[in-house]
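Listed next: structures, encoded as structure tokens.
Look at the two complexes coming up: chain A is in both, with chain B in one and chain C in the other.
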Partner chain A sequence: MSNASSSPRHPQGDEVSGRGRILVVDDGITMRLYYRSVLEAAGFEVEEATNGVEGYEKALASAFDLMIVDINMPKMDGYAMLRAIRTDPALCAVPAVTISTEASERDAQQALRAGANFYLVKPVGSKELTEVALMVAGRSPR
Partner chain B sequence: MVLVKQKTPGSESPGGPEVVGRDALLAALESDTASDRRSAARELAAFPETAPALCDRLAVEQSPSVRAAILMSLIRIGSPEAAGRLAEFLRSDDATLRNGAMEALQEMPDALEGHVDRLLADGDSDVRIFAVNILSAVRLRSAPAWLARVIRSDSHVNVCAAAVDGLAEIGGVEMLDDLADLRRRFAGDDFMEFAIDTASLRIRGR
Partner chain C sequence: MKNAQLLARFIGEARDLLQGTSSGLLQLDRGPGDEAALNEVFRGFHTLKGSVGLFDFPAFTKLVHAGEDILTAVRSQDLVLTSDLVDRLLDALDQVSSWVDHLERSGEMPGDADGVSREMTAALRVCLPDPPAGGGDAPAPASRSSVLCVDAPWLATFAPEEREAALSGATASGSALIAFDYLPAEDCFFFGEDPFALVTGLPGLQCLSVTPVASWPAIGTLDPYRCHLRFRGLVLGPSDAVETAFRYVPDQVAMAPVPPGFLGGEATGEGAAPTVEPWAPMARRILGQQREVLAFALEEDGRAARIESVIRTVSGLLATGGHAARSRLWAERTSAASADAAAMTELLDDWLAADGAAAAAPPASGEAVPERAPDRSRPGQADGASQDLKPANRVLKVDQAKVDTLMALIGELVVSKNSLPFLARRAEDIYGSRDMSREIKDLYGVIDRLAQEMQGAIMAVRMLPVSEVFDRLPRLVRDLARRLDKRISLRIEGGDTAADKNMIEVLGDPLIHVIRNAIDHGIETPDLREQAGKPPEAVVRVAAFQENDQVVIEVSDDGRGIDPAKIREKAVAKGILDAERAARLTDQDAINLIFYPGFSTAPEVSDLSGRGVGMDIVVTTVEAAGGTVSVTSETGLGTRVRLSLPLSMAVTRVMLVEVGDTPYGIPMDHIVETVRVRRGAVRHIKQAEAFVLRQSIVPLVRLDRVLDLPDRRVADDPDHEEAVLVVRVAGSLLGLVVDHFREGMDIILKPLDGILSSVRGFAGTALLGDGRVLLVLNLKELL
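So, the complex of A and B:
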């Protein structure tokens, strides 16, 4: 469920459409609204999930070109969600970007081992997020 | 189910049957069989003094169901000592364990309260972020004031961002000035500006 109507508009550009669908999985409401604002401005359609369980269920229920996944979430963390997705034949090819506060090389390696295609460290600027989404969503098999 | 041997009259040990039962459960907590460990963990909730042993087991336990049973028992024990030991898992590299500890701490607000100052002053910014995330979800009247203190005093952008996210959920109008000050501090950071504007809008709309 989007709360986009109660959030400020992101200053970056006018909306265009048709770049693909992105599933944003993050327990922080501000983070989800920010990603939605930036990614919709870049032309993506955005769906939200608040934890790994909901994210996995939404990924199963609908096709996405990219998943943006937080690491520290209740119920199912980002690593566990990615591992579940990478072992599911229906989802294993969907590109995924993890975003975390943890900036060490060890954390990045852990995310990549779990199945992430790209690892970003918070805070992520709108330009960086858009560039990575465009680059990684382009690998989608859809 | 762990079987604790029934004692016959006159055979009690100096500590009495409760101590024998507790010690048998502590032994079963180290069993090779997960179902025995799980049962022992559940039953040890009746013995608050075993919180350190439950936490020691939690640190090495690999079975998700045993971990869940240990965490449930620690929540039921709900002592400041249990909360303090659980808080140590915020440093764990194991995200599942870390998140389990966070969720447990959210369920024991009274026991958590005495540890908040220390956690918010931790040298590791990730620990401070996790503490802020706990405060954002815990049923504590003082939680919004703690989050406001974080945005006034913490210099780390991600700690402040986590606190802003929490204030978007539980903050009051008396925190709007602190949010405005923070926006000036992080002027030019498009995420922080967005997050603060979002939180301020949500607070005003309540």
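So, the complex of A and C:
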């Protein structure tokens, strides 16, 4: 959106060091390349994880401004990963967007219940993806 | 976004997925209860569907979608995965695989893809227990079951005066205004549905918008028996009354109440909160969902993290500009040590209402959201799962052509390096500098070592596991077994044995041919096996291992074996040799006759293994790559075929010999030893010559005669020593008389091509360090 992309910085001029870091958790190599290229074009730093377990470990290992999480993944699916993250004593409160091909209300509710903050339905256009990323992780909070 | 790059990545991913998914299917076919395999297969289709969605290949998407639906039904135990269904899914994967090939070649789907996809999709969907109306054929723009998000653009479907009328209607009647979006299934008429009558008959309909789902096709191609329309409208509640009206098509309708004030706010402009920035539609969706997250936070574990994640989401959103006042308020409200979910929800509600907009709709149907068992997600479990996660290998995918170029360059380097010893000799012989010669030799030693290491490194890059080929086998064996009504268990061993990529490519066809032969001719039907006292299920074993510089692939079966008597009979009948000679053959030699061109032991040529190609093709292919084939068999017990291939065929080691002042190369793997034989020790047997080497008689062949070189005088001195290269050709020893032995060297063998390609007897040429061309002999053809 225009107001989002035109002034992505904090109005009060916090110390801003580029745009945020985003963790992309998806088992599809094509999807990961797609997310990475769209998000990097928008100025984000992107880290990838290929399944829920890896995503879980990476999410707890370093700081991110946003996680983009696929639902259906090997080893640990997106729901389980989000639940694990949210209930971990290390407390991971990074905003999470799930992106899944399942479009039903039930799936959406399940994602939010598991610990997502937002969900999108595949395929997500690059405009939409950039917009969401800018809105939630447009600049590093704090 | 670089589309070509994305497509290339997709093609690679699709191939991997197709491989994994088909082997998963085969596993399922054998053990239908295998949940891990089922999940893998499901995920294969699922990921393919997700990835292909990035491109505009509707035929592709529909087919994998149908496959995914089948597996969803199997997972939910609504459908039993029969062998027939596995066949259909495998067919679908084959089709997808051919599309992927086509995409790689041309970047586009083939012209017939739509038709093929429709047929195969239908073939899959008929298997679904209760085919969903619409069958996934509906165009992508609106998935009917998606949540309807009532926002300004959506409401702009209706004219302002219509909206005002709806609003006044709602205010007058005091009922809620419900927005609905009804996308009838294309084939709804066949189910007796009448979308237009249904919609116009809605009680309390206020506004209605009817639009085509996609742009109208030409009138000639328009199918009047399909519904092409989408209905959107506003209707007066209560919502359960509207739901009742749509009760037969719940999956085609999305509904959401329009919150009070929404339409009014839209109609009168931003009167409610003129001083603040209006929310972008996406921001509104995000904020609306944060309210839901807050609600869940109170019910679920991990409350603190959930609330904190909301705080951060909203903070981030407010920081995107124009929301300074709200940002401060949010910070105040959430800075307290005990951030209060209720207070946050209230604030979010205020903002959304003040903006005159609705948040994302609450559940359309109002039914309880089924709980998902949360126990899998305990952190302890997660830790357990993380332990068996290997550290991710960092893998670089490189275009094959680049590796080939590198290989070719290293080949050139090896050749150039070989010219240093010549230079050293020249330094000594012509310029008389022995010191310089030694320095060059030292330098040569260094460069030689580096070149060899480099060569080794690049070879390692080109190494692929033989599983590249083996992965195709389970499918092949299964299909053949089903067609021939045989029961076969395939055992694969040593799939991780590595060999050069070229070898792997060479290996594919012969291996498949050998396995076909084994299944078609070797393995008996279950009843015949039982009569012979064998278990009805036959075993075909394919094993790979490394032996010296060779990769060996063994295919063995426990079938009926090859009967040497029958082979003899057949060979005589075919006129390959006469009865007397046939009788003299050892059993092993008789069995080896199957390699004879045109020989086939099956009484009739079956459509499987006999397409006019016999074992001779296998031998030709493997030998062209520098390998060997051997077969052993015991009647009634089984057959074993052994294919050996060199690990790599990029660099060939040859020994140089000199005949008539010309050097020739002889591949090192033929050479057994070099000996010097006194002329007097040479025995004459009729026209032929031979000598005795450690108690065995080795025939002698003069290379100059074989090569038709001009006759030279042979010294009669019985003490003259002949240089004899003992070689092994086709299993037997042979002495090759040459003028001089020279050094061994690594060369890059270039096959003879063009007008020379018909010249027999030469494996190819190589460039020598001094610029001369070396002819490398093909002893098998020559002798």
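We take it that the second predicted complex is superposed on the first by the 117 of 142 C-alpha atoms of A that agree within 3 Å, B and C clash if a C-alpha of one lies under 4 Å from a C-alpha of the other, contacts with A are read in each partner's own complex, and residues count from 1 in each chain.
Going forward, a contact is a pair of C-beta atoms (placed from the backbone, for glycine too) under 8 Å apart; a residue touches a chain by one contact, two chains touch by 3 or more.
It should be emphasised that the depicted structure is a prediction, and the values quoted were computed from it without experimental measurement.
After superposition on chain A, the partners chain B and chain C are seen to clash. Contact with chain B, but none with chain C, is seen for A:Gly78 once the two complexes are overlaid on the shared chain. In the overlay built on the shared chain, the residue A:Thr101 is in contact with chain B and with chain C. When the shared chain is aligned, no partner comes close enough to touch A:Gly55: not chain B, not chain C. Once the two structures are overlaid, the count of chain A residues touched is higher for C than for its counterpart among chain B and chain C. When the two structures are aligned on the shared chain, A:Lys122 is found in touch with chain B and with chain C. Look at A:Tyr34: by the touch rule set out above, it reaches both chain B and chain C. On chain A, the surface patch touched by chain B in one complex and by chain C in the other comprises residues 6-8, 10-11, 27-31, 33-34, 37, 72-74, 79-80, 101, 106, 110, 122-123, 126. By the touch criterion given at the top, residues 1-2, 5-6, 9-10, 12-13, 16, 39-40, 42-43, 46-47, 49-51, 53-54, 143, 145-147, 277, 280-283, 285-286, 289-290, 292-293, 296, 299-302, 304-313, 315-317, 319-324, 327, 363-365, 369-370, 372, 374, 376-379, 381-382, 385-386, 389, 392 of chain C touch chain A in their complex. Contacts from chain B toward chain A in the complex involve residues 93, 95-96, 98-99, 102-103, 125-126, 129-130, 133, 157-158, 161-162, 164-165, 168-169, 189-192, 194-195, 197-199, 201-202, 205. Across the interface of their complex, chain C is touched by residues 1-4, 6-12, 27-31, 33-34, 37-38, 41, 50-51, 53-54, 56-57, 65-66, 70, 72-76, 79-89, 91-96, 101, 103-106, 108-110, 112-119, 121-123, 126, 128, 131-132, 134-139, 141 of chain A.
Those residues of chain A that touch chain B in the shared complex are 6-8, 10-11, 27-31, 33-34, 37, 71-74, 77-80, 101-102, 106, 110, 122-126.
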